[in-house]
Amino acid sequence: MQDITPWKHKVQYYETDQMKIVHHSNYIRWFEEARISILEQIGAGYDLFEEAGIVSPVLTVESEYRQMVRFGETVEIRAMVESFNGIRLVIRYEVVRENDGVLCCVGKTSHCFLNMDGRPVSLKRSYPRFYEAIRTLPVVPEE
Amino acid sequence: MQDITPWKHKVQYYETDQMKIVHHSNYIRWFEEARISILEQIGAGYDLFEEAGIVSPVLTVESEYRQMVRFGETVEIRAMVESFNGIRLVIRYEVVRENDGVLCCVGKTSHCFLNMDGRPVSLKRSYPRFYEAIRTLPVVPEE
Amino acid sequence: MQDITPWKHKVQYYETDQMKIVHHSNYIRWFEEARISILEQIGAGYDLFEEAGIVSPVLTVESEYRQMVRFGETVEIRAMVESFNGIRLVIRYEVVRENDGVLCCVGKTSHCFLNMDGRPVSLKRSYPRFYEAIRTLPVVPEE
Amino acid sequence: MQDITPWKHKVQYYETDQMKIVHHSNYIRWFEEARISILEQIGAGYDLFEEAGIVSPVLTVESEYRQMVRFGETVEIRAMVESFNGIRLVIRYEVVRENDGVLCCVGKTSHCFLNMDGRPVSLKRSYPRFYEAIRTLPVVPEE
């Protein structure tokens, strides 16, 4: 398994809402930031996917908000593979506040892979390079 | 049960991404638009909540993307109560494309209600006016 | 000159920031909403432009904030042509609060038109249909 | 004059639009990111302002787009004081693409300072600590 640097995000003013907390929709964007970062780190960046003619739309999103995050704080978003069979990829996220280590949010996204014609492809069969790369990502530890 | 007008949203250019579809995070914002609209229609608008000293943070979000929505399309977001006991409110959403009636996305959010001190309150006990109003909302039909 | 219906925008919760006002970046998006709306009304929608192989990037943006706009308010965004020579289009915007008619923000955007190769085109010469359509838009009244 | 580290921003997928470039409204947000960063570096962070009961709304924004910025690129946003008299602060921004040093966008924002009652205050008179701090920021070089 490869060594992955977790993605850090400094909370911006424009991400707050009038409840004086980060608006919940932004965490979904942070998940994307972290996902892109870990894929880049294993040499499977979105740009390489798109060059290869593959897009990877989001099929589902889940997010559970445990602690409010506020302007001025920095969070670390840890992304781990929950399951991957070459056709469907499920990633789990943990948003941890940097100054106190509190787990503020957990999330999950699932993805498939489509070719230029919009047809689902198996990375395992058609793009083994990406398949092997993704298999080096950290996985969710078994409980 | 009250008659509720579903919320319509015209997809904006700034909501697209380079996949030429609406970025998935925006649906979470559309859920909020629809939620606010139905609460207003029953006389339980966010402004009235905030005047009464109650905020209603989002506890969880789920979204399942079935069909891509694109710039220039208009969607109808139907929001229905999945469950409500005065303390926790779960709302279900259906995002339906207007021109062909296709169900493009289904989602769910859950909420609690907090007073000024950040303590959970029961609307049923402490704010029966809001409790009764929310109970007039359309509910998810039993299967 | 054609009759144009001004664009209305209901302020959303996710558009607020912790100052309890609309974050200033959102007005730039409202300008786009209004611009797209008036172009559609004259039969020169973005989709038709893109079908014709033209994109119209934003060259400059200006915005002057006079009154804060808040959640729950509805604004009307009036878009008018300030200048247009077929090559460069300058649009002026007025954001007027619906309930009291107060002018809350004025803005301006300028645009050129590019073909598929990224080369500037003159609508007057190459796409007279769009040129003529844009010339039917309301113009900024002379002072 | 103090040594200031320019703000770096990695372009995110959710910041693109279907023209496959960064949507122009996001640069306004990047200006804010850079502004907040330089104020923090001189000990005049937004949090300290808000603790002192001061808010600093945006009065005007200007942005001129020279080169398109794309997903995967990193930009440096250099913020400098154009003018400051204790009552009104004008900041100029330069968005420079990291990999080739190209100046992609220049911008400007102006700000005033309001106390809790929404009244304009002079930092020079009422909050000399902030006034002196801001005067240590880099200024736009004279041409």
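As written, the chain order gives the labels A, B, C and D, with residue 1 at the start of each chain.
By definition in this document, a contact is a pair of C-beta atoms (placed from the backbone, for glycine too) under 8 Å apart; a residue touches a chain by one contact, two chains touch by 3 or more.
Owing to the predicted nature of the structure, the values given are computational and were not obtained by experimental measurement.
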Field: Steps in the shortest chain-to-chain touch route ending at subunit D and beginning at subunit A
entry: 1
- request: Name the chain whose C-alpha centroid is farthest from the C-alpha centroid of subunit C.
  value: A
Gap in Å, rounded to a whole number, between the CA centres of subunit D and subunit B: 35
Statement: Rounded to the nearest Å, the gap between Cα centres of subunit A and subunit B is 25
- line: Averaging C-alpha coordinates per chain, one finds the centres of subunit B and subunit C separated by a number of Å equal to 29
Message: Two or more other chains touching the same residue: where does that happen in subunit A?
response: 13-14, 21, 25, 29, 32, 71
- line: Seen from subunit D, its contact residues with subunit C in the complex are 19, 21, 24-26, 28-29, 32, 55, 57-65, 68
Query: Which bits of subunit A are touching subunit C when the two form their complex?
result: 13-14, 16-18, 20-21, 23, 25, 71
Touching residues (chain side subunit D, partner subunit A) in the complex: 12-14, 29, 32-33, 36, 45-47, 71-72
